[in-house]
Structure formats: C-alpha cells, structure tokens
C-alpha cells in the first residue's frame, strides 16, 4: 500500500496523462484488480511487470474500457473515461492499443488497416490518410508490404503494422499488452526497436512486457503487479538492482536466471 | 383444430416417424462408420471410394434415393426385405426400403461428422502417443478414438435431427408417416394454420430434446484442452 | 356460326384467344410432349375451341392438376377445363359442367399374360399400385378386396416398371388413363386393361359457375362432335392402340346446363 | 498426403504392400457389385438402348431437361437471395443488443429449423391455393420458395451468428480500440469477416437449396425431378430418366461443392488462415486458431449439409 | 560443409548414441534437410539453434521417424531406425520426445498420462507404474496435481508432466523441440531447471531451443542450422564468443541484443 500511494506523487514535473484511482474489478469470485492507483505523466513510459494472472492485461484493457471496472475512476488527459457511445469511441481513438496477437483486420490490406481509423473516426480524406499511412509504414519499415494482407506478413511485421495503425490516430497515450510475446525470437528485436524509438520521441506509453531489456532501456518507471495489486513502483535501475518486495525478487529470480 | 386428433391417427403417424428415425439412425451410424473408416484409411483407393460415396449420395436429392430404393431395389432388383407372400409385404418393403434410403443418405453425413470428430484431435496427440511407443492400435484405442468420439457427438446430434425431419420424404413412396398424414388432412379439410402447427410442433417436440441432449452431452464429455 | 366467339368467362368482348386447362402428364388424354399436346381431352378441347371460333394457334394450354382445377376456374385463370374432370355433386357446388362428353370407369391394368385378375374382387392377396392421395385404390380396398396390398407412388408412370417386373399385379384408376398408358409405344403388348369398369366417371367440361351461355355453347359443340363422328375418331386415335373400347354409357348424353 | 495424419504413421514398405492388397480387394468388390446390378438391370430390360437413347435426344433436352433445370435454378436462385436476406436480418437480430429482438429472432429461427421443409411445402402450397394468394401457376413456385427460404434462412441466420462469434475476439477489440463505435465495428470489421468466413458454408447451403427444390415435385413444381417424371411418362422409361436426372443433380451439386472448397482455400490463403503469431502462443492458441474457420465451415457441414435432403 | 564433416569425429571419448548420416528431406519443393550429418554421443547434450524455418524441428522429428526421410540413415544406439510396426514403436519407446505444445493426453489424468506408456508398452503392472509415476512427478515438482487433468495445469506444469511422461519410459535419448517457447516467462525457468538436472545426470539430449542460458549452462555442443543445413558445430563457449559463420553472427545479433 505504501508504494502505491507513493506513486501518486509520480514525477512532479510531468502533467498527468492517465490517472487511475481506487480501481477494483472482479471476474466472478476472482478479485483481479485490487484498489489500483497509478498516475502516468505526459511523455512517460511505464513498464508493467508481474507474473501471469496478476492482472496486467486487465489493467491495460480497463484504461480504454475494453474491460469495465466496478469501482474507482480512470481519467485520460483530465477527462474521466466515458461509459459508452460516441464519447467512449472518441476517447478510445485517443488511446492507441497494441495487442499480443496483433489483431490486424484480417480482411483488409495493410494500408487499409492503417487508414480505416483516420477515415472512419477522424473523418480524414482517403488521400490524406493514405499519405500518412505511407509515411507511418515507412517509419516502421514495411512500406513495401502496404498492399498485402495481414496473413501474408511475418509476426514481427504484423505487430509493426499494428503499431502504425495506432499511431495513425495520433494517440495521446499508447497501451502495449505483451506486444512481443507471440513473436519468434528473431523478430522481437525489430518490434522493440520501433517501441524504443517511440519512447524516445516522447510518446506516453504503458507497456506490459517481459522484455527486461526494453524496461531497462526505455522505461521511466517500472510497476510490479502481483495478485491484482500494484506491489512496487520504482525506476528500472532501482527495481532491477534492488527490488524492495519479496514477490518482486522472487519474480525477477525466475525471469532472469536463464 | 384439436378434432384432427379424433378424426386422424396423428399419433400413429408420428409413431411411424419415430420408427423410421430410430432404425435408419442405427443403419446410418453403421454405414457411416464404415465409410468414415474408408475415408481416413491410408489406402488411396478406399479413400477415393469413401469420398465417391459421400459426394454421390450427399449430392443426390433424397427424394430420388427414396424412389431408387423402392423402385430400383425392390421392384427391379427384386430384393425383398419382407416375408415373400405375407399380407403386409408391400407396406413392410415400403417402410424398410425407406429406412434403407434414409440410412444410406445420412450415412454420408454421419461419415463427415465422424471425420470432423477425428479432426478435433490435434495431430500432436497422435504424435505424442507414437513417441512414447504406442503401436497403431494402441494409440487409436487409448488416445485418438476416445477424443474423436467426444468431438463427434455434436455433429452427430445435428445429423440425427436432420434425419428426423427427413423421414418426411418417405411420404413420396407412400409410407404413412406424419407428413403424409398432414397432406391428407389438408386435402380433406382446409389448409389451416392450426393443422400445420399441430404437425410442425410434433417435429419440434421430437427434435428439441435430441438437440438439448446432444449439446449437453457434447459439453459434458468435451475434452478440455 | 361461332363467329360471335367470345363466351370467355373473363371478358368476352370478341376476343378469340382461349385459355384451356388440360392434364399435361396423362398419355392418351392430355400429354404435353415438348410443345405439342396430345390426347383425347386435347382433341375435345380443340374441337370445342373451333366451334367457339378460336383457332388452334390462339389456345393457351394451362396445366390443370386435379387438386387445382376448381381454383383455376374460379380465379379466371382458364376459360374452361377438359381434364378427366368427373362430374360430381360436390364439384357442381363450385363449378358448372358442360357434358358429359365421355363416360369412363375405374378399371385395372394388368400384365398382358396375367389371366388371374378378372376384376376388382379377384384382387385379394394381390398387389395394387396407385398414386399417392388418390381415392381409387382405397375404393378397391374398401369395397372389393380388403386383403389387397397397396403401393403408392407420386405418379402412374412409376407404377409401370413395378407392374412389368411383377412387383405389383395391377394398377388402378380410370380406364381411359390406363388405356392411355397401355397404348404408349414402349408399352405396346405388355399390358392390358381388364375391361370391367366398376365405377362411373362422367367426364365433363368445367367452367365458371353460372356461365350458362358458355355452357350451352360447349354442350352444343360436344353434341356436334358426337354426331359428326369426330369424338369417336378422337377416342380411337388416342386410346385405340390398347384395344380399348369405351365402356357402358358411351356415347354419353350431355346434360342440360343448369 | 504431406499433411501429417492423426491416425496413421508414414507407411513403411510392409504397410505399402498391405495397402496395395487392400486396393485390389476394394476394386474387386466394387466391380462385383456393379456387375451384379448391371446383369439384373439387363434381365429386367432396363438396359434396353431405346430407353436410354431417348434421353440424349434434342427434344428431351429442350422440352424437359433444360426447362426443368431452369425451373430448378429459378427456385434455387430466388430462395437463396431471400434466404440470405432472412438470414442476415434474423442473424443480426440474434446478435442485437435488445433482448426482445434477440428472443423473437431466436424463436423464429429455432422453429423454422425444426420443421421439415417438405411439411412446410405441403402446407404453404395448400394454403396459397385455397386462399388464392398467388396465381395458380405461381403457387407451386411460391410454396417451394417460401419453404426453402424459411428453412435455409434460419440456417443462414445461425451461420451469421456463429460466423460473428467465431471471429477472434481481438478483431472486435481492435476495432473498438481505434475508436469505432460498436455498431461501426460490427458493420465494417465483424460482419465482412463473418460473411467471408461463411462463404464456403453459404455455397454449401446453395447445394442444399438446389437439392431441396426436388421436393417441389410434391407440390407439382415443374423442376428437374418433375421433368424426370414427365420424361418417364412420355417415353415410358422412368428408371433411366430418374437415374439420368440424379446424375445431373450430382454433377451440379458436386461442381458447387468444389467451388465452395476453392472459395475456402482462397479465403484461407488470403486471410482466414492460422496466424503465425497465434500459433506460437501455444496449445491454447493452436486450438483456437483453427476454430474460427472450422467453426463456421464445420457448422456448415453439419447444419447445412445434413439437414438437406 | 567442412564443419559438418568435422562433427563426425564428435567427441571421441563418447560411444555414439544417435548417428545421422547424409539425411535429406523435402516438403514439396522445399529442401528442408540438406545432407545432414551429426553424431551425438552417449550422455552428450546437443543444443540445436537456428532461425525459424531452418529445419530444426524437422531434424528432431526425423530422429524418431515422426517425419520420414528421403535419403541417408539414422541410427540410435547402433540400431538403424526401423521403418514401421512394432520395431518402430519399440524404438520410439526408447526415445523420449518433448514437444513445444506439451501434447499431454487431454482426456487422461496427469497420472494416467505418465503411466500409459509403461503399462501399455513396457507391460508394467499398474501399481508399479503408479509408484514410478509418483516419484517422477515428485522429481519434476508436481506430485500434488497427479489426479488433475492437463487443462487444469499451467503451461510450465504441463511441460514438466510431459518430461515425466517421457522419463517414465527410461529413454536412452531425449529430444526437446522448443520445450519452453509456449510458456510464460516465469515458467520457463522451472522447466529449464528440470532439463538442466537431467543433463547433469547424464541423459543424452538433443534440444532445440532459443534459451541461450540453457545452451551455455548445459550444452556440450551447439549445432547451428540455417536453410536446412548444419552451418556450424561448436562448443557453447566458442559459439557464443566467436561464431565462425556470418549467418550465425547475424542470428545471434538478433537474438541477444534485447
């Protein structure tokens, strides 16, 4: 508890972008989010760690209301999360989300995957959206594949398209839920490189990952969850060198030994 | 509307529907299993024959099969399924050949249901069985068939329901089942919605429990993966 | 003479076109073979049409299955029907009849070499074929031979191979229909009509109830057809090849129109 | 054969020899049955050439077979279009947010799936004739189309529903997360994919409809089977005529089945196939990845196919 | 090529357990195994590395004939791989195999998974097999779950059961095909620990894996494959410190940077 309240103060120099207060959530009898408090500042990169089932994905999904919460509040850029309808859709447009399993729209070409949101939600002209898509795809290194379909791409390429799709909406914050754990090891690097680039450019990011290298290299803070609670919040240096809680030590022991 | 129960033997017509369903289901299961075995066998010719059976039968209107069954088998090939010279020879042959036609037809679907059951078994299960040294028959008996059977329950249920409804086609060769009676009733009376509902609900009553039973069976026995 | 023509049920303002209902599937009576129509009923209909001032080319032939004859007439889809249409009191309630032009009777068709069947009462222990929903087979069973076995098919033509192979012993319906089948080229010499009709079917021309004018004209036409020998010729041409001779009651005496 | 089989190991030399023996036995059995049937048919005079040659005359084709085929295709085409509409409307109904709509759609769909098509045809035909709903010569078509539409529409409604359900959950979530509203997501993400996933099953359903038009003889609809009966009447060769028409049905339906298969592999190649990423996530992945396509296609196989006549 | 032939000499002090000579295999046009030569000595631990699609799994599966080969020979403990039937089954019983996706028998309890082979193949008494199963399950740390079904266990637990299932057959050699890549990161360790333990006890092992830690810790030799060929064979120290081939350097670069 002491750690979680400590976090509230966060990085005083940053304006808060995502504010999570007193959030609780059950799945049936299972208490998956227990009184979560977390503030993420503008431009901050927060890595969420924790064992399987600790509630990391649920937290991530709650932030754009893919999961509803039972109590507490979540606000983004000062606005409370709307409950439904157009306002909720508008908010989600401002929050990019990258999934473990990519979830590219299987029936649309790569380009159309990237332009769908801008055209349908942001009401951009198709030509304008196309232009932007091309530059985003170039940035993630797959402009050559723009006319292919998702199934024709490797996992690493698909995930980079997914990132471009999110970026096309000019999101205020981006959520990543284990973006590399469905990838072959040789492809992990190419996706992490894109993410490190984003972090450097000042994107606000909440990243659930097991890639300690990324956490060390790009995170401003590490949040360690276990059993639905935030157990520890620290800078990566502090956290990896000297985890305060027993559970975090145990977890790191398991992950880092091999 | 209820007086049709007094004027017509509605229940005995449905009893015929049930008998047709029951016996042809058994027949379809037997033939379908044999064809399924052929279709999954490693022998190319048997696989082709099995596929030929399924493609032929499945693409023929049941009405035609029904006709071939009685006209071709009984009247031309003179394969008598009843006691020759018995006073019910024709009726018996009609019913029995209808059962044969229904069984032959639905066997194609039973075959596909069984195959889809086998397809629910991941290849990894078979490979694991082989890799611990189980022989062909052992891995079939211990690992593959128990799982395939459970995977086939739901599709087999669908076939049984379809079969129940398809017994109505036996009316084209004069078998006195429910739909023949209904066509008689609306011929003599008028085509009132009430009469239709009586017969339609009869089929709902017959098929609903089958659906519920098979769904719950398949869920209860499902292999959790 | 018939130049006034237009006694059509529908409008009758001098139109020469006629819509006539016939059977399409009964050899010797009303059979559609490609674009040609043959049979006794067809010949009768053509003769009547001619008397009404309509050329053969102006006739539209309409299929009139037994179950639909009344509604074809009452809804004006045909001007009249010549389709083995037996005059009964029940039918007179909804349509008017001109005629009868012919008296048929229910009879049996058996294999040419079968002498064991001499009439309906010799059918006990035999097998009888008929069409689904027809009352003729039931009549044999109820009135003559309650131990007869019944096979029902959707059409008479399906009974024939069964009769030929010995699977059934007799086929029952109107003797005209039986004679029609027996007269077909492929069946010549194979079957014979027993020739002991056990019912009386007075074939009439059905038309809209109360159209006495048309009824009278048709009655006149029928009488003329009888008197100039055309009817006899039509019967001989269509049913003769089966050694069929019209049963008692022929030539028929048309009744007065009500 | 390159795909690993659940049941059999790759054959060795002894297995291959055994297969060869079984091949010969299988062929002999089939040849024997065919010979026996042919002999009996000949004895019954059903193989007389005159009975068969009449089937290949231009007259039979232009007056019976082709018109019958046209009628069959006509009824099938109208029915499939109406059934699609019915299916999409009630399928969406079953996915509706409104409980009453969901419930009513459910009852309608379940009822019409449970009632035999033939029963429905008998009834609608009499009902239309007695009440003069359509012109008399249209009544049979109307009855055929009504029965086929209600039944197959209900099956398609289930296909739509299961198609949408079988999509990976992530597709909907990805749609929502780029800011589409739930109904936009349903329309531009879920439904198109569900429809493509359904396409093979839908073509399969076309086979069912085409085959079921043959029930139309029961209400005097002049389709192919009726044409066979008419040929049998005119040329006194009912058995050859039926066999011949059966062959036509089989060829058409088989062609459609092949088309359905092609469509399926095409779709699989383009999009629906198992994704590399999902497969790597492991056991759970391996199972669920195939589920969407198999789900729909499978559904098609047994609800669609088996319920056909 | 020079490397592959170099390997033949292998570790001269070890008696050869698995000998692979001149093995080729195609999938359609794809040449997935190109003239593979490899000898694995008794008690040796060989780690196979290489990019996705390089043929690692195929090689592994060929060793117990889950894939057939087109040319070349494979022998185990001096006996050539039988082609079918009982002898093949017997040989497979001597070769343990652990799959990426565990492949526990889904319809059998954990205990029955482990005892099935001993009872059916080794013809052991059920009681005896049970006893052994208990001790093996204890050894891999899941004796408490013996009566559960596979689906009720976590991935790490399932994989440990799979190892116990193989061990129950007292195999001469064990094959592991990416045993940890379907696991959550915290569970990787528990499985690798069991494998390291096995290696220490002198089990002959061929392990396809991306876990470099395991390779460093437990491998006697590392085999690097690319495009169906064995490109490099070396000790782990040599390989990681100084890969000789360009392709291996490239691969290591991708895997190790993050």
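Chains here go by letter, A, B, C, D and E, matching the order in which they are written, and residues are numbered from 1 within each.
Everything below uses one rule, namely that a residue touches a chain if its C-beta (ideal position, glycine included) is under 8 Å from a C-beta of that chain, and two chains touch if they have at least 3 such contacts.
What you are looking at is a predicted structure, and each value in this text was computed from that prediction instead of being measured.
Visitor: On the document's contact criterion, could you list the chains that touch chain C and likewise touch chain D?
Guide: B
Visitor: Go through A-D and B-D and name the pair with more C-beta contacts between its chains.
Guide: So, comparing the two chain pairs, more contacts are at B-D.
Visitor: Which chain is the middle one, judged by CA centres?
Guide: Most central by this criterion: D.
Visitor: Centroid of chain B to centroid of chain D, CA atoms only: how many Å?
Guide: That gives a centre separation of 17 Å.
Visitor: Between chain B and chain E, what's the gap in Å when you average each chain's C-alpha atoms?
Guide: Computed value for the inter-centroid distance: 47 Å.
Visitor: Mind checking the centre-to-centre distance between chain C and chain E? Centres are C-alpha means, answer in whole Å.
Guide: 85
Visitor: Specify, in ascending order, the residues of chain E that touch 2 or more different other chains.
Guide: Expected reply: 66, 85, 101, 181.
Visitor: If I count partner chains per residue in chain B, which residues reach a count of at least 2?
Guide: Where chain B meets two or more other chains at a single residue, that happens at 67, 71, 76, 78, 122, 124-125, 127, 130, 171-172, 183, 187, 225.
Visitor: Which parts of chain D, given as residue numbers and ranges, touch two or more other chains?
Guide: Those would be 4, 9, 11, 15, 44, 46, 129-130, 217-218, 238-239, 280-281, 283, 286.
Visitor: Let me know each pair of chains that touch one another.
Guide: Touching chain pairs, listed by label, are A-D, A-E, B-C, B-D, B-E, C-D, D-E.
Visitor: Going by the contact rule at the top, pick out the chain D residues touching chain A in the complex.
Guide: That would be residues 168, 170-171, 173-181, 184, 188-189, 192-193, 196, 269-273, 275-278, 280-281 of chain D.
Visitor: Once bound in the complex, which stretches of chain E touch chain B?
Guide: Touch list, chain E to chain B: 64, 66, 85-86, 89-97, 99, 101, 103-107, 116-117, 120-121, 149-152, 162, 165-166, 169.
Visitor: Help me check something: in the complex, which residues belonging to chain C touch chain D?
Guide: 24-27, 31-35, 62-63, 65, 67-68, 71-72, 74-75, 77, 154-158, 160-161, 164-165, 181, 184-187
Visitor: What does chain D use to touch chain C in their complex?
Guide: 44-46, 50-51, 59, 62-64, 129-130, 132, 135-137, 139, 217-218, 220, 229-230, 232-239
Visitor: Within their complex, state which residues of chain B touch chain D.
Guide: Those residues of chain B that touch chain D are 40-46, 49, 55-56, 58-64, 67-68, 71-72, 76-78, 105-106, 109, 112-113, 116, 118-119, 121-127, 130, 136, 140, 144, 148, 154-155, 158-159, 161-163, 165-166, 168-169, 171-172, 178-179, 182-183, 186-187, 190-191, 193, 195-196, 199-200, 203-204, 207-208, 225.
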